[in-house]
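Both of the next two complexes hold subunit A, though its partner changes from subunit B to subunit C.
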Partner chain A sequence: MRVEIDRRPIWVILAGKALRPVFFLLLALGFILFLQLPVPEGLGTGGMRAIAVFLLCLVLWVSNAVPVAITGLFAIVLVPLLGVLPRGATYSLFGNEAVFFILGAFILSGAVMQSGLSNRVALRLMEKHGGSPKRLIISIFLLAAALSFVMSEHAVAAMLFPIVLEISKSLKLRPGESNYGKLLFFALAWGSVIGGVGTFLGGARVPLAMGILKETTGSTIGFLDYTVAVAPLVVVLLIVGYIVLTRFFPVDIDGVENAHKVIVRRARALGKVRPREYAVGLILGITILLWITIGKTVGLAAIAMLSVMALFVLKLVKWREIEEYVNWGIILMYGGAIILGTALDRSGAAKWMVDAIMTQWAQTPITVIALFSLLAILLTESMSNAAVIAVLLPVSIGMAGRTNMSPEVLTYVVAIPAGLAFMLPMSTPANAIAVSSDYISVRDMAKGGVIMFLTSWVTFNLMAHFYWPLIGLR
Partner chain B sequence: MTNTKILLVLSTHVYSDKAIEYAVRRAREEERQLVAFFLLESELAEEASERFSDIGFTGDRPSATLSESLMREYRQRGYEALGRAQIKAMEDGVDFEPLLKEGPYVSTILEVIRAHGIGLTVIQRRKERSFLHYFKKGLSVKVKEAASCEVVIIE
Partner chain C sequence: MIRKNYFKNPGALKIDLMLRGAAIEDPVAKARACGATGIDILLPKKILVNIPCEDWFTVRSPYVIKKSAGKKGYILTNGSDSVPVSILDRPEFYSRKTATGVPFGDIAVTHGSYTVITPDKRCGFFKSSAQCRYCAGNFSTDAAENGGRVYTVEEVLETVKAVLKEKASGIIYLSIGFSDGDDGGIKFLEPYVKAIKSHFNCLVAVEALPPASNEWIDRAYAFGVDSILYNLDIFDKELFSVICPGRAGLIGRQRTLDALKYAAGIFANGTVASHLIVGLEPPGSTIMGIDFLTDSGVVPILPIFRPSKDRPLDVTDLDAEVIIPVYRHLYKTLKKKGINFNWVRDISMVTTPVEGRYLLNDEKSSSPFLDNFYESRLGMKTAWGLSAIRRRLRVKKIKKEDPPEGSP
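What follows is the complex of A and B.
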């Protein structure tokens, strides 16, 4: 047996081992000390405790000291334990419609991936439209966006990554040096991000926002209403994104014949379309149609669950297969986030934060939209976008009364920008995987990302002021 | 002249022609065997797939596929990098041994140094991937401090 001797100075070894316990000890001390502070005027004890839980979750979400789902558990446990909300009321929030909608959407997305349908659609479209270097980039960019309209953007990035990697190998692109290599992976990452904000299905953050909106105000937003409200932003970002990429990284190859061969080989290997793929595609199509047409009447979650039931009744998926595609931690994360949002609202903490802090910075609708969208875009670069919703949305909805804005508009103001992470690999898994490929450096991502950040913020604000009133959003 | 071997360290995220040239030149001049070692940094692939799992809430299957796909790519790059080093060594008439292993950066390099009786290690400075590099030592410096042989860091 070999004994390895650690030759570092003893204080370095001890400091390394103590870092995590010390962090949690300081966090616990800070939390307890905060609870001992005198309660400010206008805020009750419950509100003070809700803010303490809010700050604790904020630190954990930003530091990533524990998985984001486990941070949700902190809210779930501390809110009733501190008496912010009664135990029964807290746990009943898990039965929120948004949680079941998210679950249904993820199971549906898992079935689409498991059946091979999404892979086939991706390869067929690339085969048909990716005949030249520029067309291949456009295909991947639009494909990633379009698939993210109906599936989680993270699932889309994970699914397309091996294909894009194989394409770059077939073209013999040098990692870190080839502009075309950068374009391929940027198209994948940014396409998924932009498409992810297009509908309720791109990620779970929009349903989460709807869940918090419903718990705090009782109102809701329809599937189609959301897509109509966000559509101009998606179109502008797709156009600007493509221009930014091709200006920053001009195409430096002449042809993509080898890549095309890879795509054709992969597509042929899938064989003929199987009845199972048709059936899953049909169920997905019908589900989306029902969400659009009767979603408001019967509820999005009920339709999602009906579709899940249909998948199993028709034996299109097995439970074991679905378990491989769905991460159940999502229930803890979203349940916890809804509990936190509701606790801030019902305890009066959100209103107090609005009165004491936010009104100094934002008093008119223009400044409210500018401030909250900026905060959401900035925060989403350093923390999970669902966590951004959990942190900002209760406060933004609290601005409704002060500014005469509808809570629905204030929900959009956080929910949409929270998905727009372009600058850093840590901001979203699609960016992280693009950088892990080594074709894109962190500097490349930040360089193009700054322009996308500014474009998305300015476009969002213009859209909110000029387009939204036209569709009745004020 | 000494009989000990020279270790050239290449890795997933650190590749340099300068380091290859330096190691091959030293091996030729001192008539030593060159062990070219490509380190597969598996934790980077794991980190990426964990991100999908933790933040993106993707299931085990997509996360595992992603990780496998990255590792396959890294392995392929390893063979290519070792191939380039071998060509350079053959051109210069240097005795060459390729090696490819997976593991954490510092401990795996130290293990190879011990196992192969290495007398000189040539390593490229490895950039830290976050702002933390302003506050902590680079991994290549850690190797230099802990290694039982001479370590040359190529900037």
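What follows is the complex of A and C.
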């Protein structure tokens, strides 16, 4: 047990402790006062209340005053309590397909990690392609991206972190000083982030966006459709990311023999591929294939759940093992976000907000895409990226009628940029994990992150303007 | 030598009585109330004092406690002057026993506002004959005397329950002698303090030895100790090493002073204290000790050395006139340096800093309302509540991790 005694003057401690209750008191007062305001023209009472809940959740998500999951609970409880949606309808939204899809994705990802398959793939690839300093960086960068196509980017970063840390130590890189040390951890973090936007599986935000889209418009987006739409951005960011990193932090070591020895030692220690790994890999492969081929017809969640059931029927995983990998907080947050999005839509609040606020700045498809993508990238630097979707997506989908843009495009406009967090450790766990190594400072991350931020925004807009029409997205 | 008459000043009278003792005329009262540690009586102004009353000690004392003629109660007289006094009965719980058959009186001794419990009465210094030469108080000079018995947490809890139920006192004072290890005894006392804190709303003071690392002080505060005492006893460096060879050699005077200073930065104002025994060193040295300790925010507590037939150490007779200025200095210094001494009161074994005001005729500076408050149950509950809130605010985080070597 370790104890720390706060020796500051007691009034300073008290003032610090008082901030939180005062914050919540002011928030509650603000919420109540907002509800007392006269309802603007064109907005019903339900819409006004939905906006009040939306603003409350916005403040909580931005401030991180409570865990994102608990903010989700605020939405789940307040929406029916204020009569925005009927109680039964509200709670039934929690059974949204997106919630079950992400639950399935968590379990699949957990099974891949638990079986040791992901670790083996990572080590084998680095063993084969990591023979020189630059090749090692490229293999970590691409490996993190590739794994994030099929697993949560957070899980990929967490899984690769101990390996990269051991590599850094074997090369005797000095934390905070070594450029190569910085490169290794940037490759880990940014590779995960870029790969994470590549498919539905890289993070929980895309399934959430699909859930909100389906609840509000009834339409949906296929697994392959999404990947095809986002592919150029992923390729450009991987190339630019590598150039930015090697320019900002030139390689300052001659060889990676020691690191390679570590990788070889670790790879050898794994032994031969076990049947469990083959089986889990096979199920994952079949699942992805089914998502691509019949995902739209059968539903992504149904396929995910069937795969999960197969994992348990074949005794490839145990529930106790899998529980560690299921982020129930995110699932709760999802329920809340979907309910909030639906409440804004059905109460007419989303449409009203679009009319009243966004119309002045975003009147053409180009400006709509530019504005929403910019907002999403900016917000995701300081907010959970799923929270960004919960906040922006109902509004962006509301623009569909006014701008003659398809709701699917307006979903992409928020869902993809919401995953592009490069600048700060609080933006995404992958960045936080990299900074926790002490090889990268927040300043380093912000420095390179600004370039990536601008690159990703410009590339996204160019892609939306020139590439999407070619694949039928308008 | 003509001795001064202290009957008009209860503060000075307390000191003189502690030095000289008082004979008890009434054999019934003597049998009932006079124990090996003396007799507790209440002087005017509600001043509590423990007076040596055994015959060998009081043979040269002019003071006699006798029944008040024609009235109920007792008087203290020197033949010419007298004041009414009350003899405090020994607490009832002394005569009762724990479920395991140990008399509560063996486990705990009440001295006014606090009750001393020493769960393990052995002191490791005795093993190597390095004990403090004046020591015999709470600790067995012979480890075998207690049969090696360490009172269990349950026995101590039963005792505390009895103490609090009888309202014998509101502060539980746990003490420990020297043991191997660098924690100063805190590790041993931790389960006792935690158990008392989780069962009762009372203040817990701990008298331990200075630990090697300050982390133990943090830990003691975090797990519930409200007040801590690392007794220096003697400020003079050379006398300290002669009279307390064990403490000087194995802990060190400087470490004691450092630990006190650090603790004063952690615990509430006025709750870190250290004994300086009056009579073991020249008064000037004690005064220097007072200045040094108060500079660090520590409350010096000045017990008077009480000769004992069992102790190897003897000193020349002390005179009240010589030591009263020391107590005056203590009172003035604490007031000047803004150290709270209000919670160190109503202790029969020592003249508390609060009582110093009588020695300076500074009674007007105190408020009877506040005095009553501090002495009341409400005051004690308030102190407990404030102490608990302060701890909640200050103890920042408790992590479960592998401790570094040599730390808690």
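Operating definition for what follows: the second predicted complex is superposed on the first by the 463 of 474 C-alpha atoms of A that agree within 3 Å, B and C clash if a C-alpha of one lies under 4 Å from a C-alpha of the other, contacts with A are read in each partner's own complex, and residues count from 1 in each chain.
Here is the rule we use: contacts are C-beta pairs under 8 Å (C-beta built on N, C-alpha and C of every residue); 3 or more make two chains touch, one makes a residue touch a chain.
Predicted model only: the values in this text are computed from it and were never measured.
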Checklist entry - In the superposed arrangement, which partner chain does A:Ile253 touch: subunit B (first), subunit C (second), both, or neither? => result neither
Item to check | First, second, both or neither for A:Leu14, with subunit B first and subunit C second | outcome: second
Item to check | Touching partner for A:Ala302 - first (subunit B), second (subunit C), both, neither | outcome: neither
Checklist entry - Between subunit B (first) and subunit C (second), which, if any, makes contact with A:Val39: first, second, both or neither? => result neither
Next on the checklist: Between subunit B and subunit C, whom does A:Glu324 touch in the aligned arrangement: first, second, both, or neither?
Outcome noted: first
Checklist entry - Looking at subunit A, does subunit B or subunit C touch a larger number of its residues? => result B
Next on the checklist: So in the superposed three-chain picture, is A:Ala204 touching just subunit B, just subunit C, both, or none of them (first/second/both/neither)?
Outcome noted: first
Next on the checklist: Just to be sure I read the superposition right, which of the two partners does A:Pro175 touch: subunit B = first, subunit C = second, or both, or neither?
Outcome noted: first
Checklist entry - Just which bits of subunit A does subunit B share with subunit C as contact spots? => result 2, 4, 7
Checklist entry - How about subunit C: which of its residues touch subunit A in the complex? => result 215, 218-219, 221-222, 265-266, 390, 393-401, 403, 408
Item to check | Residues on subunit A engaged by subunit C in the complex (per definition of touch) | outcome: 1-7, 10, 13-14, 17
Item to check | In the complex with subunit B, residue positions of subunit A that touch it | outcome: 2, 4, 7-8, 64, 67-69, 106, 110, 113-114, 152-155, 157-159, 161-162, 165, 169, 175, 204, 323-327, 329-330, 333, 384, 428-429, 432-433, 436-438, 442
Next on the checklist: For a test of understanding, state which residues of subunit B touch subunit A in their complex under the given definition.
Outcome noted: 12-13, 44-45, 47-48, 51-63, 65-66, 69-70, 73, 76-77, 107, 110, 114, 129, 145-146
